[in-house]
Amino acid sequence: MTDDRTETAAGDGPATETAAVETPLAERIEAILLIIDEPIGLVALAAAVGAPVPAVRQTVASLVDDYDGRGAGPRRGFELREVGGGWRLYAREDHDDLIADFVGGQAPARLSQAALETLAVIAYKQPVTRSQVASIRAVNVDSVVRTLLARGLITELFADSETGAINYGTTDALLQHLGINSIDELPPISPLLDDGADGFDEGALR
Amino acid sequence: MTDDRTETAAGDGPATETAAVETPLAERIEAILLIIDEPIGLVALAAAVGAPVPAVRQTVASLVDDYDGRGAGPRRGFELREVGGGWRLYAREDHDDLIADFVGGQAPARLSQAALETLAVIAYKQPVTRSQVASIRAVNVDSVVRTLLARGLITELFADSETGAINYGTTDALLQHLGINSIDELPPISPLLDDGADGFDEGALR
Amino acid sequence: MAPSPDPTVSPDDASPADASVEASDPGFRVSLSNFDGPFDLLLTLISKHEMDITEVSLSAVTNEFIAYLAALDGDEELDQASEFLVVAATLLDMKVAGLLPQGELVDAEAVALLEARDLLFARLLQYRAFKEVSAWFSRCLQREDRRHARAVRLDEKHRRKTPELAWSLSVDDFAALALLAFAPKEMPHVGLDHLHAPLVSIREQAAIVVTILRGTEAVSFRELVAGVTEPGIVVARFISVLELYRHAALSFEQLEPLGELTLRWAADSWSDETLATLGADYDR
């Protein structure tokens, strides 16, 4: 997954990477770190930013120092921590109470219509991958799936052996909300959906 | 929602807050920014970090500068943007291709021309009913409106007290998708429109 | 290139001298006795009162447009076609208003406010303004699609602090939501609803189908819809046939593709109560 174009555009050769935080390599690493959900290992991170592992290791180390206030700038409200063999940004632990208050002070969450519909699709189609849900819903469902995961309403069941796509299913928490004991107790919806689902979704039946 | 404890612990009185980036207020703001997954408005942010809104506004502005490389430290791989009525961390635009390669996945489905035009009508005319939109577009917009609803770009605002017709408006999510902060940032459209427009919407032309 | 029989109709072949100009304007062009140029320009002229709408042959424009469409495909065709429908409908209204100063389509009060034609011009302009600004929407949406905001799941330790989810759906509500979610989304189609087609009840049509079928040995679908002129009723009867088949209430045979569809009543036990829920999937 090395990205030659980026490498060229960035133009940071190994020679300059000792002053890593000032180079675009640090920026590229920060960009990746900002959007990942799970800790990322050095090798994967190096592949993502198209730089050698040693340079990435060094840059990550200098970012850790930088965020901790040992660099040119102030200490940050977040920190870069190595957890389970990977790196990820976390809110700095000093602010845990602040975050707990913030999170706890939010109004009791209600799921959006989009989230509820996505949940319904997963409940009836499980195990189902994100892209399958997206094609049924005809919209991108990434953030909604994240919400449902965070709410513990769905869970990752297994990865598809061929594609590696994660299959999702619903949890006992959903059953409790619905007041049923098993997913089999969901009311049946039209058999048309299962039998003709594909033709139906793409067909001109409207 | 002011949090006295944090305020005390942080110990940054208003007097020191002009050098905001160096104070713990900036750290607290960063901690909150790191954990949110929606833009956060200044007022909510101020409540979350237990500081007055003006101080928070100033600190946010200095963080924007700081991340853009106009502070003490290097430019960051992320940036702080004001979209959809609040502030949120984004990977810096320069690295979008890198991240796209990294996260892979399919590009979100584009909206059809019909959906774009319907969205434009709703954005400028809100609150507006489906039949009013249809009369401007001169075609039926039901399925397009459903798509826009499903994508969370528009929402049902209220039902007309007389006719029961549902009035639609745009959502903050639309603003985020457009990368703007408020509906006021829509480009102006011909002043001609407003002159004749009212006559149309209520007229019996159709 | 547009497979147009008449070279004067085919925009890009018409005048090679203009080729460079036309190359930058791939849109629909029209050649009429009193106008030759991009369709957009025609609209502009009409809207500026520089051309009289009553002088424009709408049928000629339509013929040309159909020939033009034949050379397009896919989404482009759909977009162009829908745009043309909008504009043609407006032209038609303008013509009506132009021909009939007190056009019957025009509300008397509206006429009092504005001359009908101005109203229609304004409508056209309004539509075009929204169409133009939709390009801005498209640009912004595409640009922003490429951006990546931080949207990361809360750490487990913070997640436990989040307030309980407010849940108000019963299991039946949830199933109804599932039906809604599985319903096909946007379909490329030309909307007909604005023609105010009367709503057709599948149940009523099913009742008719049941009555006919039970009273006879076998009936073809053609006979079942004989004399029906309303397409919605034909569709509803067909759907009710499918629904009854699902309930094993009838059998059908078709000897060859697209051949005659012969229907036979086949229910062992039939309760008219079944009719009450028939086609519930189509409710909403």
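The chains carry the letters A, B and C, assigned in the order they are written, with residues numbered from 1 in each.
Note that a residue touches a chain if its C-beta (ideal position, glycine included) is under 8 Å from a C-beta of that chain, and two chains touch if they have at least 3 such contacts.
Treat the numbers as computed from the prediction; the structure is a model and nothing was measured.
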item: Taking each chain's C-alpha mean as its centre, the one farthest from subunit B; value: C
item: Chain closest to the middle, measuring from C-alpha centroids that were averaged per chain; value: B
item: Whole-Å separation of chain centres (CA-atom averages), subunit A against subunit C; value: 38
item: Distance between chain centroids, defined by C-alpha means - subunit B, subunit C (Å); value: 32
item: Centroid spacing, where centroids are CA-atom means, of subunit A and subunit B in whole angstrom; value: 21
item: Where subunit C touches two or more other chains, by residue; value: 148-155, 158, 185-187, 189
item: Subunit A, residues touching no fewer than two other chains; value: 31, 34-35, 89-91, 99, 103, 117, 137-138, 143, 146, 206
item: Subunit C residues touching subunit B - in the complex, by the definition given at the top; value: 75, 78-79, 82-83, 85-86, 89-90, 93, 105-107, 109-110, 113-114, 118-120, 122-123, 125-127, 129-138, 140-155, 158, 185-194
item: Subunit B to subunit A touching residues, read off their complex; value: 1, 3, 5-6, 21-22, 26-35, 37, 48-50, 66, 71-78, 89-92, 94-95, 97-99, 101-103, 105-106, 108-109, 143, 147, 149-152
item: Touching residues on subunit A, where the partner in the complex is subunit C; value: 31, 34-37, 89-91, 96, 99-100, 103-104, 106-111, 116-118, 120-121, 123-124, 136-138, 143, 146, 149-151, 153, 177-180, 185-193, 197, 200-206
item: In the complex with subunit A, residue positions of subunit C that touch it; value: 148-155, 157-159, 161-167, 169-172, 174-175, 177-182, 184-187, 189, 246, 281
